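Two complexes follow with chain A in common, the first pairing it with chain B and the second with chain C.
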Partner chain A sequence: MAYSELEMPERADHLWRYTPWHRIHPNGELSDVPEAQGAVLELRSLDGSTEPAGVTLEVATEEDIQRLCLSGKEDVSTQFIQAMTQGNIVVLRVARKAKPSQPVLLNIECTGEVCALHLLLDVGELAEVELITRLSGDADWTGFLRQGIFGNASHVNDVVINHIGEGRLLRTDGIHLGRDAQVRGGTVGSGGASRCKADLRYIMEKEGASLKVNGSILTLDGMHNDHHVEILHLAPETYSRLDWHSACSGKSRTIGTGMLRIEAGAKGADAGQLFHNLLLSKYAEADSIPELEVSENDVVGCGHGTANGPVDDDQMFYLSTRGFNETEARDVLVAAFLNATLTEMGSTVLHQHLLKTLTQDLAVEL
Partner chain B sequence: MADQMILRIKNLHVSIEDTEILRGLDLEIKAGETHALMGRNGSGKSTLANVLMGHPAYEITDGTIEFLGEDLTEMEPWERARAGLFLSFQYPQAVPGLQVGNFLRKSVQAIRGENAPGARDFRAELNAAMEELDVDKQFLGRYVNDGFSGGEKKRFEILQLLLSKPTLSVLDETDSGLDIDALQTVSKGINAAATDETGCLIITHYQRILDHVKPSHVHIMIDGKFVKTGGADLAIQVEEKGYEWLNPDTN
Partner chain C sequence: MAENTEARDAVGDYRYGFHDPENHTIRFDNGLSEKVVRDISALKNEPEWMTEIRVKAYNHFANRPMPTWGNMSMLEEIDFEAITYFLKSSDQTENSWDDVPDDIRNTFDRLGIPEAEQKWLSGVTAQYESEAVYHSIREDLEEQGVIFLDMDSGLKEYPELVKKWFCTVVPYADNKFSALNTAVWSGGSFIYVPKGVHVEMPVQAYFRINAKNMGQFERTLIIADEGSSIHYVEGCTAPTYSTDSLHSAVVELIALPGAYIRYSTVQNWSANVYNLVTKRAVAHENATVEWVDGNIGSKLTMKYPSVILKGEGAHAEVISVAYSGKGQHQDAGAKIHHLASNTTSKILSKSISKDGGRGSYRGMVQVARKAENCKVNVVCDALILDKDSRSDTYPTMEIANPTCRSEHEASVSKVSDDQVFYLMARGHSEEEALALIVNGFFEPFTRELPMEYAVELNKLMALEMEGSIG
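== the complex of A and B ==
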């Protein structure tokens, strides 16, 4: 259904409770679909030494669109970005059995008043790839839609870094996992957009798929950062874990909502989600709402939890007895907290890249 | 610099949440001395260790603590560490996300300040200390105390002791939870850190570690007071007879 035909979401909707649509729409005029500037894309291997073998960036064909645009047919943000980018869709393709020796880096430079990108992900069967997508630039408003398929038995570590200036970011993912696909999905933001609304959906529709979703988010000053992660278990013997770390400072607000759905027939599904929030100032606010919908009795497990709190006093004392003054100890603990989920996002090479980005942003050695 | 006074505690009274734990302690530790502190659970041993290091939960209601002639009670914990005081924790904190290697390098830089070794010398010191304690190099890539076994935690505390080169080390039940081999290794590390310019206070439940680390003084604490002080043989007596014969309230 096209955006113009959709009913606008109510604030009572789980998805729009904390960031109503009019607060993230480019101009608040909900019927308006502003003209968007396209983003500038660069694809290379992480160290730049080689071409990423078997990985290409192409203009999407009609066949790509039919095959890969599976999600969000009635979702406002998906349809809105599709409306903005119609006819201008890019596909990142990883060939069947491709195995690039280095992580692949996709740089996306977002500029102008309104910038939008619709990216399709087409990861072939048995491919093994680590993909880092880095959003940067000074666009006032960015819309970023990713849809696609991680093929059967593929191994994909997929990390998105929000390094956008001070603009607003609307991000929507709809990723389908094939049979026995092993996927890690990471979201990183140490700083980034002043207002971010992300709706990340993973659909496990084939048996044996495995998914780990990790977040490492730092919000500063008056930032507002809202991530919704929805994991859908449709097939038997599927596995998922969500571990989300957010550190909030200043007067910032971070929101993490999770929706874990296990549909009837997904026998042997094993799912869990955990949100950790570190509150770094008395004015900072963190809301985490994990939700479960389980329609299958024969599951291995399905759990959720959330923990909010300031920097741990016992950890502070331990570091202070090791010579760290209060500021040093606190900085190190915040960085460690964010690094704890970065570690889970991929290989050592990938992790070192993410850690370097984090320590540069925080000006802390770790 | 043997005989130099390192620690002087006078009439120390300490409370936590209005409950008095330490009730008038006097203790002097000079350079070259190793003091053992024994007592039952809840007698106040770990409280003393934490108070020395400046744990904010404890309130000193009376008495003084001097460290190398300076009033220790006015210092923050990190200032105490940089002044040369080290506490090996009974239950060290885990810090997921903080790599052991980087943590050690930063900690040594902070504690030893101008005397901290450069990168090459630090690596050499680190390798030597790890060899002394039979610690695998992969240890450096792990996160601080995260998923460590009880023995690994204690080895890591002693590794920090060796690298920090403190003037006074306070070891809070470092021997608890160690098997025989690990106890010997950890004791070797404690002995390696000791010089005639340093002091050591070992808090323990058991005489066993004192077979490996010879104390010059042994103190028995009951209900927040030292009830008896003696030489190494006092620890053996306690091991054989328990603490009850030393309890002034029942004798």
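== the complex of A and C ==
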């Protein structure tokens, strides 16, 4: 259904409760679909030493669109970004059995008043790839839609870094996992957009798929960061874990909402989600809504949890006895808290890259 | 006959599904209007302020749309025009069972209320349809100044006290069903416990719907003054009909500084009753409020006992269990609002879904910006016993103070094969083993109930487990 035909979401909708659509829409006029500038894309190996073998960036064909645009047919943000990009869609393709030796870095530079990108991901069967997508630029508003398939038995470590400037970011993912696919999905935001609304959906419709989703989010000043992660278990013997760490300082607000849905027939599903929030200032706020809908009784287990708290006094004391001043000790503890999920996002090389980004943003060393 | 078969099919072997012939002294026509609201108020000879608030609430109800969350399809099935909003079965509230009309007394005998009263209760209110038919309180408590009345008598005898607290915890405009209750409320309990008085044994209210298409809208207001304590227990049943009834209560609790209120409910409505209830408490400095809430019956329950922790050092606890069988949706949970510093709360929710039933936990914990050093613990466990059933968990945690430590955990699982095997190796049949495991799962709830209720609940659950194997 096209955006213009969709009913506008109400605030009572779980998905839009904390960031109503009019607050993340480019100009608040909900019927308006502004003209968007395209983003500038660059694809390379992480260290730049080699071409990423078997990985290409192409203009999507009609066949790609039919095959890969599976999700979000009645979803407002998906249809909105599709309406903005008007069929100018790019596909990142990883060939069957491709195994690039280095993580692949996709730099996306977003500029102008309104910038939008519709990216399709087509990861072939048995491919093994680590993909880092880095969003940067000074666009006032960015819309970033990713849809696609991680093929059967593929191994994918997929990390998105939000390094957008002061603008607003609307991000939507709809990723389908193939049979026995092993996927780690990571989201890193240390700084980034002043207002971010992300709706990340993973659909496990083939047997044996395994998914680990990790978030490492730092919000500063008056930032508003709202992530919704939806994991859908449709097939038997599927496995998922979500571990989301958010540290909020200044007057920022971080929101983590999760929906873990086990449909009838997903026997042997094993699913869990955790949201951890570290509150760093008097005026920061953290909200967590980890939801669970289970319609199958023959499951290994389904659970969720949340924990909120300040920086631990005992840990601060320990570090102060080792010569750290209060600010240093706090920064180190925050970095360690955020690093706990960074380490789960991929290989050592990938982790080192993410850690470098984090330490630069925090100006601390781990 | 066809109707009975249909009803039996819908509700299974519900032991309280019997009903008496309808012998009413007053029955309003079905349907709701401002006139009905004014007529109820006039019939009760209420003060003008109460009539006004009823009318305002009615207008709010009429203009407010149905909730856009929860089980909307079931909610849409409610036909407000098919419901009787006031039905009086007895001329007055008696304080001796001998004076209660025979048929009504027999009903409460079958429910075991007079026997329980003699053994372990400080006072009893028995409500049949719209009004209380029996009421008693131990003399020693009365002498200490404890007020325990049905709500209508409370309004007549203590109008100023009722006016001071009525609608202060649950305003009529809080939600559509609190507005409905405020418009047409009848019956319920009014309790005031004076400063420093401890009511050692529980007081009980029992709510019974007997008539078809009946709406029961009791209103309960409990005020525990400084340093006092009380345990209030309520139970409810209804006959089995193939048409639906509506129960929409409002309960307001006020725990003044240092007071303690425990409110225990075993809800066992028949599976043709919509149970849409607003229960909320305010806890002042160092006060404690505990909701012990069991939901076994009804077609659809939407109930989220809440506590507003308004005073420093206040504590809230909610222990709830829900059983969802065929055609049932138990949408229950808890809400805690930490407005003051050093407040603590604990929520334990357990649910079982079977035969296509759906159990949902829906909860909210809010910690206000100025509330320092709060502690929150929420645990939700669910068991799904067969492939047709469903369990949902919808918790919300909104934390606006960095000194708060909050934890939430939830799990959904099936009954462990190992546990069943162990119990069968000790000589239990598979069915017995399952019943034992289920009772063990509910044990954190049953151990908080008075013994008689706990035994009854265990028996009920064993009955529900019958035929669940194979």
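In this text, the second predicted complex is superposed on the first by the 366 of 366 C-alpha atoms of A that agree within 3 Å, B and C clash if a C-alpha of one lies under 4 Å from a C-alpha of the other, contacts with A are read in each partner's own complex, and residues count from 1 in each chain.
Methods note: a contact is a pair of C-beta atoms (placed from the backbone, for glycine too) under 8 Å apart; a residue touches a chain by one contact, two chains touch by 3 or more.
All of these numbers come straight from a predicted model, not from anything done at the bench.
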Between chain B (first) and chain C (second), which does A:Ile289 come into contact with in this model arrangement: first, second, both, or neither? second
A:Glu328 in the overlay: touching chain B, chain C, both, or neither? Say first, second, both or neither. first
Which chain, chain B or chain C, ends up touching more residues of chain A in the combined arrangement? C
What is the contact status of A:Ser281 with respect to chain B (first) and chain C (second): first, second, both, or neither? second
Contact set on chain A toward chain C in their complex: 10, 12, 14, 262, 264, 277, 279-299, 301-310
Contact footprint of chain B on chain A as seen in their complex: 312-315, 317-326, 328-329, 332-333, 335-340, 342-343, 365-366
Per the touch rule, the chain C residues reaching chain A in their complex are 68-69, 369, 382, 384-414
Quick check: in the complex, which residue numbers of chain B touch chain A? 53-56, 76-78, 80-82, 86-87, 89, 92-93, 95-99, 102-103, 106-107, 109-111, 143, 160, 164
